[in-house]
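By written order: A, B, C and D. Residues from 1 in each chain.
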Amino acid sequence: MTATFVGMPPFPTAARAALEDTQLRHNLAHATGTIRDKRARVVAEVEDWEDLRTAGAAIKDATLANLEQHLVQLEARLLEQGAVVHWARDAAEANRIVAGIAKSHAVDEVVKVKSMVTQEIGLNEALALEGIAAWETDLAELIVQLGDDLPSHILVPAIHRNRAEIRQIFLERMAAAGRPAPTDLTDDPAELASTARLHLREKFLRARMAVSGANFAVAETGTLVVVESEGNGRMCLTLPEVLVSVVGIEKVVPTFADLDVFLRLLPRSSTGERMNPYTSTWTGVTPGDGPQEVHVVLLDNGRTRALADEVGRQALRCIRCSACLNVCPVYERVGGHAYGSVYPGPIGAILNPLMHGVGEDAQTDSLPYASSLCGACYEVCPVKIDIPSVLVDLRAQVVDAHRGGVPPVTHLAEAVAMKGVAATFGSSRRLGFAERLVRLGTGVAQRLPVATPWTNARDVPKGPPESFRAWWKRTDGGRR
Amino acid sequence: MRVALQVTCINDALFPDTGKAMVTLLRRLGVDVEFPAGQTCCGQPMVNTGYLDEAVPALRSFVDAFGGYDAIVTPSGSCAGSARHQHQIVARRSGDAGLVAAVEKTAPRVFELTEFLVDQLGVTDVGASFPHAVTYHPTCHSLRMLGVGDRPRMLLEQVRGLRLVDLPAAEECCGFGGTFAMKNADTSIAMGSDKARHVRETGAEILVAGDNSCLMHIGGLLSRQRSGVRTMHLAEILASTEAAPPTVAPLSVEPVETRGLAL
Amino acid sequence: MTATFVGMPPFPTAARAALEDTQLRHNLAHATGTIRDKRARVVAEVEDWEDLRTAGAAIKDATLANLEQHLVQLEARLLEQGAVVHWARDAAEANRIVAGIAKSHAVDEVVKVKSMVTQEIGLNEALALEGIAAWETDLAELIVQLGDDLPSHILVPAIHRNRAEIRQIFLERMAAAGRPAPTDLTDDPAELASTARLHLREKFLRARMAVSGANFAVAETGTLVVVESEGNGRMCLTLPEVLVSVVGIEKVVPTFADLDVFLRLLPRSSTGERMNPYTSTWTGVTPGDGPQEVHVVLLDNGRTRALADEVGRQALRCIRCSACLNVCPVYERVGGHAYGSVYPGPIGAILNPLMHGVGEDAQTDSLPYASSLCGACYEVCPVKIDIPSVLVDLRAQVVDAHRGGVPPVTHLAEAVAMKGVAATFGSSRRLGFAERLVRLGTGVAQRLPVATPWTNARDVPKGPPESFRAWWKRTDGGRR
Amino acid sequence: MRVALQVTCINDALFPDTGKAMVTLLRRLGVDVEFPAGQTCCGQPMVNTGYLDEAVPALRSFVDAFGGYDAIVTPSGSCAGSARHQHQIVARRSGDAGLVAAVEKTAPRVFELTEFLVDQLGVTDVGASFPHAVTYHPTCHSLRMLGVGDRPRMLLEQVRGLRLVDLPAAEECCGFGGTFAMKNADTSIAMGSDKARHVRETGAEILVAGDNSCLMHIGGLLSRQRSGVRTMHLAEILASTEAAPPTVAPLSVEPVETRGLAL
């Protein structure tokens, strides 16, 4: 009952398929439009919004500049508060740690919340190999999991599903995962929600171990923070005996004062709400209250690689609000799956290559090109990540990675073309000659395969009889 | 003030009328604009595709051609953005200190047409006449990279006879994005089709913008759909007067030669 | 200062150019949409509208069935009332008659109104050869004439022009035609109208002879009827000494009671008004009042040819309301010029071939195909002309005209294809074979020139793996 | 009552799913529909192009195949219209009195799907389920030649989960018109693009109609524009149930093989 992003085709291929998915297109257009407008309204209410963005970016930059120091402080405070701290260099290490904790308590199931980072490392699949079932408890994540599906949005992972499908999924799949759905279930949203509630309630009460992510980790106190809308997160974080939180190392913020900035930036940017409904914080173990065994797994898994990237490191400021997804004209049309990662959209187009490195697989190398560089993402990012600039820099890295080696045929053709272009634009005389060729060629161009993607849906302008350059020379700039 | 026209490679080769309109317009406003013949391209096509080394020759041509000017005016928000925001990156990577120094001089002197008219010349009524219904698409780079804001609208509102119609979802990208239109052709078309649809909703005769590359994309879709809406560069509208209206040069529909064959 | 429809290219070629005319497209969409809505509103007010249409069609049919008798009666009454009646078999005869009258009065200019039929016969050009200037006095016709242009709509001949252009035309051309436009003329509609008014007033007062058409000719009284909106028609019909009316023989209605039906049908169908502003009627000469010499030229020019066409003769019911133009999706996009005739739109697509005959020139032969056969024209026609059926019948006539002879290459290919299709559809066994070929061919089809007009803007469905016929046979209609 | 399915040539060859949906739907409503294997085409493509003699063989096949039936049901307003309004014209011209007599029997027994369901079976709730946003285009021949009126809407309104969105300018022709789409390709595209635009304005997922020929035209434009809106024949929606939703078969986008090549 799990799907995986592994082996996804490069972005253009995945996008082509997604563009034909009428329901996805319909749901995306509606959802992104709605959230976009909501965000714009509530952001406009905050007079010092730009200052707040600048402050958020500055805090993250300062923290990332001394990341080791803040992480060591976080570890120290956590240990003082009775938590166990683990360091995981990669997905395998992190999964081994979590599975080990589960096995040490002999549990065969765990409940989960804030699962993005554990999806990044494939925790559910790893636990399944050990015979441990991992149950998602966020409603949308539950739908995705029961549907043997993949999340398509950071905030609304089941954005591509409709009510009737959700009903069908509940009817067909809930029984195998716990409390079955009533056989007379309709697709009334309230009914669907209450069915999920009863199903999940049983799991919360039964589960002895929970696995969570975290939105923030406050170094000065050793406090983890989860913000969410359903309350299911709080159930997860408080009912089981053992709580394991997998936390990316970029989640650390120095102080509660710093946290305040992000708690103001996040909900408005994310759901377009002034404040998020549930903010849960916990600081190690509180005797007699909540989980009595608390683990924190601090995860690298490519983050230090991203941190080493002079231009790209700003991507680690990301607080996963999904504002960039909702304004992205590319995401709006192709949805999340096409990005082949749990991190979709503009932020995914930079985060994945930054964390994995480029030049190794075609899918990752295709992501920096999955943007028209329109800049809408940069405009709304609450921590001012200049995504277009990072994309351009990553494109250069992709090209550079293929220099010297044997590039795939398409890259070869492009590289040869670019060398020719470089030579042409190095000399206005050569350019004049090339322009005459272009004019000769526009008629022919429509017949050549190179023109196909263009002429498939667009008419091509006819080459003019004379270039501007030639006109200027012939007429002395229109004077004769 | 010595003013140079950076016509841009795409306008030079494919849209010379835009360049001519720039000359007509600027001369009418008393600017003796020059065309440095050594100019080629701003380098953006290479930079945005990831070929930064390959952009260096273009950059050298740029600083050689425009080095001596007080202002460099260009009918492209995108190329102006490239000069102001990308040239320094390319120059630094080249390791050529002379190029870095040269770019430091040229970059801040590059102005997109509407910036030059409104900020440098201080004019919004350029004496134009264009009695048609027009809608304006703010291209992403002029909107977000340069922040030209209301300048195009201020200029259009002063054009005699022109009826400016609001474009729905105006600030959404048209999907051109340079090589994006080739590398992600399907998504690019989906975006462009929506833009074309919004243009059609306005009922305007003409779509105007400050970048011919975006217009080539949207116009290509409008033409393929036989929409009866034409695209024009803002410079051509501002250059238009009652005595000298623009020559109508719609995006050509390639004639289909095999009609008449049944079924 | 005259333009001509002679030598217009076939419809598809003319349409392609028209489709690119942004101003034409803009004006047409606006104007046809407006008039269409107005018509729909005022027609909905008339409870017995369908009965009225039926009555109108019946009167015209009955009149056409005994056309000779009604024309003879009309002639007799006209003669009794002091009018001179001329019979003209064709354009040349009609033009000769009008020019003769003008020369007999030694006039070198005439004023004109209701000029459609005189445009049909090219009267202005014929008079010009004799040194006689013919001035159009309908405002829109005046704009067309001054602009050296062609009418593009029956009702709104200058639909393709805008205010600024009209101002320019007045400024540049009025002086050569009479009173010049004021040099400070703006494009304010009221100012343009008053300029035209002063210009025309001078012409009305100066002209000694007028040439008109007529909307109806009442046989029982010998009365001619002109309906119009500006009052310029009435000036034309009353001020000059000599009035020559060129009247198509299909304009005759037996009685005033019959006329009543059409005076109710016409304005609502035409301008969407309940009643037209000016209805002028005159019966021969009224001593001391109006023109003292009245001529009526009864014109055939192809009408008896149309009358001989069993299916097509209903086109002669047409009262030139232009309702079919305003609802036609083809006309809405290409405008009137593309039809290459003063009669454009759906009615023109049948009237021109019916009056000229098919099989002789490519332009006329292209007209019956200038329709998607959507039937909107038939729905609004106040005299119930079944235009789609006439179009289909005319297409058969075009095809039949090319049978036996040497058809042009495109027709040849089509004819060969149709023979093959006929044979294929004559046998389900052959059809099954052809379908398998079609499926093989869909991939190839996109590369063949035949597919170009289609794939130019549209995707082609992939051939399914199996035809319905094959599926039914294989599965016994889905039962196994 | 013996009921025959006239699947139509275009559905037989290109849209067999529509034929299968007809069978599913009619059987579910208790009609043991037959498929006379001798059927070919109604002859309309030839008639509307002016080739009346060439339509005679098709007409003979038609009366041979359907002569013995009480009702002939077809998923095409256009083909039903042809049978009812054009067959007699072709038969008379052929001079074959037998054919004239045969057509006199078949013509009035041809029903378009919605006519058959509503008028002959007296049903509007066919037990269908289709949880999607749908907009309906009344094709010209079903609208004006047959006058099916509200029947399609009555049927769609009873489909579980279906949200019916009004199509602006619904009654305007899509521009297909058979050979019109080839002979007047440019005008046809202009009309179709406007129809596609109105479809997009509804925000619906699916465009439904009673004629696959029109849908092929509009759907081809929607697909070419990467609009994310699919077309489906009304029969397929009415055949759809919760247990057996339709297999999604969007109009295929021919893959473009030359991506990745820059500029």
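Methods note: a residue touches a chain if its C-beta (ideal position, glycine included) is under 8 Å from a C-beta of that chain, and two chains touch if they have at least 3 such contacts.
Just so we're clear, the structure is a prediction, and the values are computed from it rather than from any experiment.
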Graph distance between chain A and chain C, where chains that touch are linked: 2
Pair joined by more contacting C-beta pairs (C-D or A-D): C-D
Separation of mean Cα positions, chain D and chain B [Å, integer]: 46
Inter-centroid spacing, chain D versus chain C (mean Cα positions, whole Å): 33
Averaged-CA centre spacing for the pair chain C and chain B, given as whole angstrom: 44
Chain C, residues touching no fewer than two other chains: 12, 16, 19, 333, 414, 418, 421, 453, 456-457
Shared interface positions of chain B, touching two or more other chains: 45, 49, 179, 182-187, 189-190, 193, 221, 223-228, 253, 256, 259-263
Touch-based graph of the chains, sorted into line, ring, star, complete or other: other
All chain pairs that touch each other: A-B, A-D, B-C, B-D, C-D
Chain D partner contacts - residues on chain B that touch it in the complex: 45, 49, 179, 182-187, 189-190, 193-194, 197, 200-201, 221, 224-228, 253, 256, 259-263
For the chain A and chain B complex, residues of the former touching the latter: 11-12, 15-16, 19, 329-330, 333-334, 368-376, 378-379, 389, 392, 394-400, 414-415, 418-419, 421-428, 431, 435, 438-439, 446, 453-454, 456-464, 466-469, 471-473, 477-478
Chain D contact footprint on chain A (complex, rising order): 12, 16, 19-26, 29-30, 162-165, 168, 187, 333, 410-411, 413-414, 417-418, 421, 449-450, 452-453, 456-457
Chain A contact footprint on chain D (complex, rising order): 129, 131-133, 161, 203-206, 223-230, 242, 248, 250, 253, 255-263
In the complex with chain A, residue positions of chain B that touch it: 7, 9, 11-17, 19-20, 23-24, 34-35, 37-41, 43, 45-58, 60-61, 65, 85-86, 140-141, 143-145, 171-173, 175-193, 216-217, 219-221, 223-224, 251-254
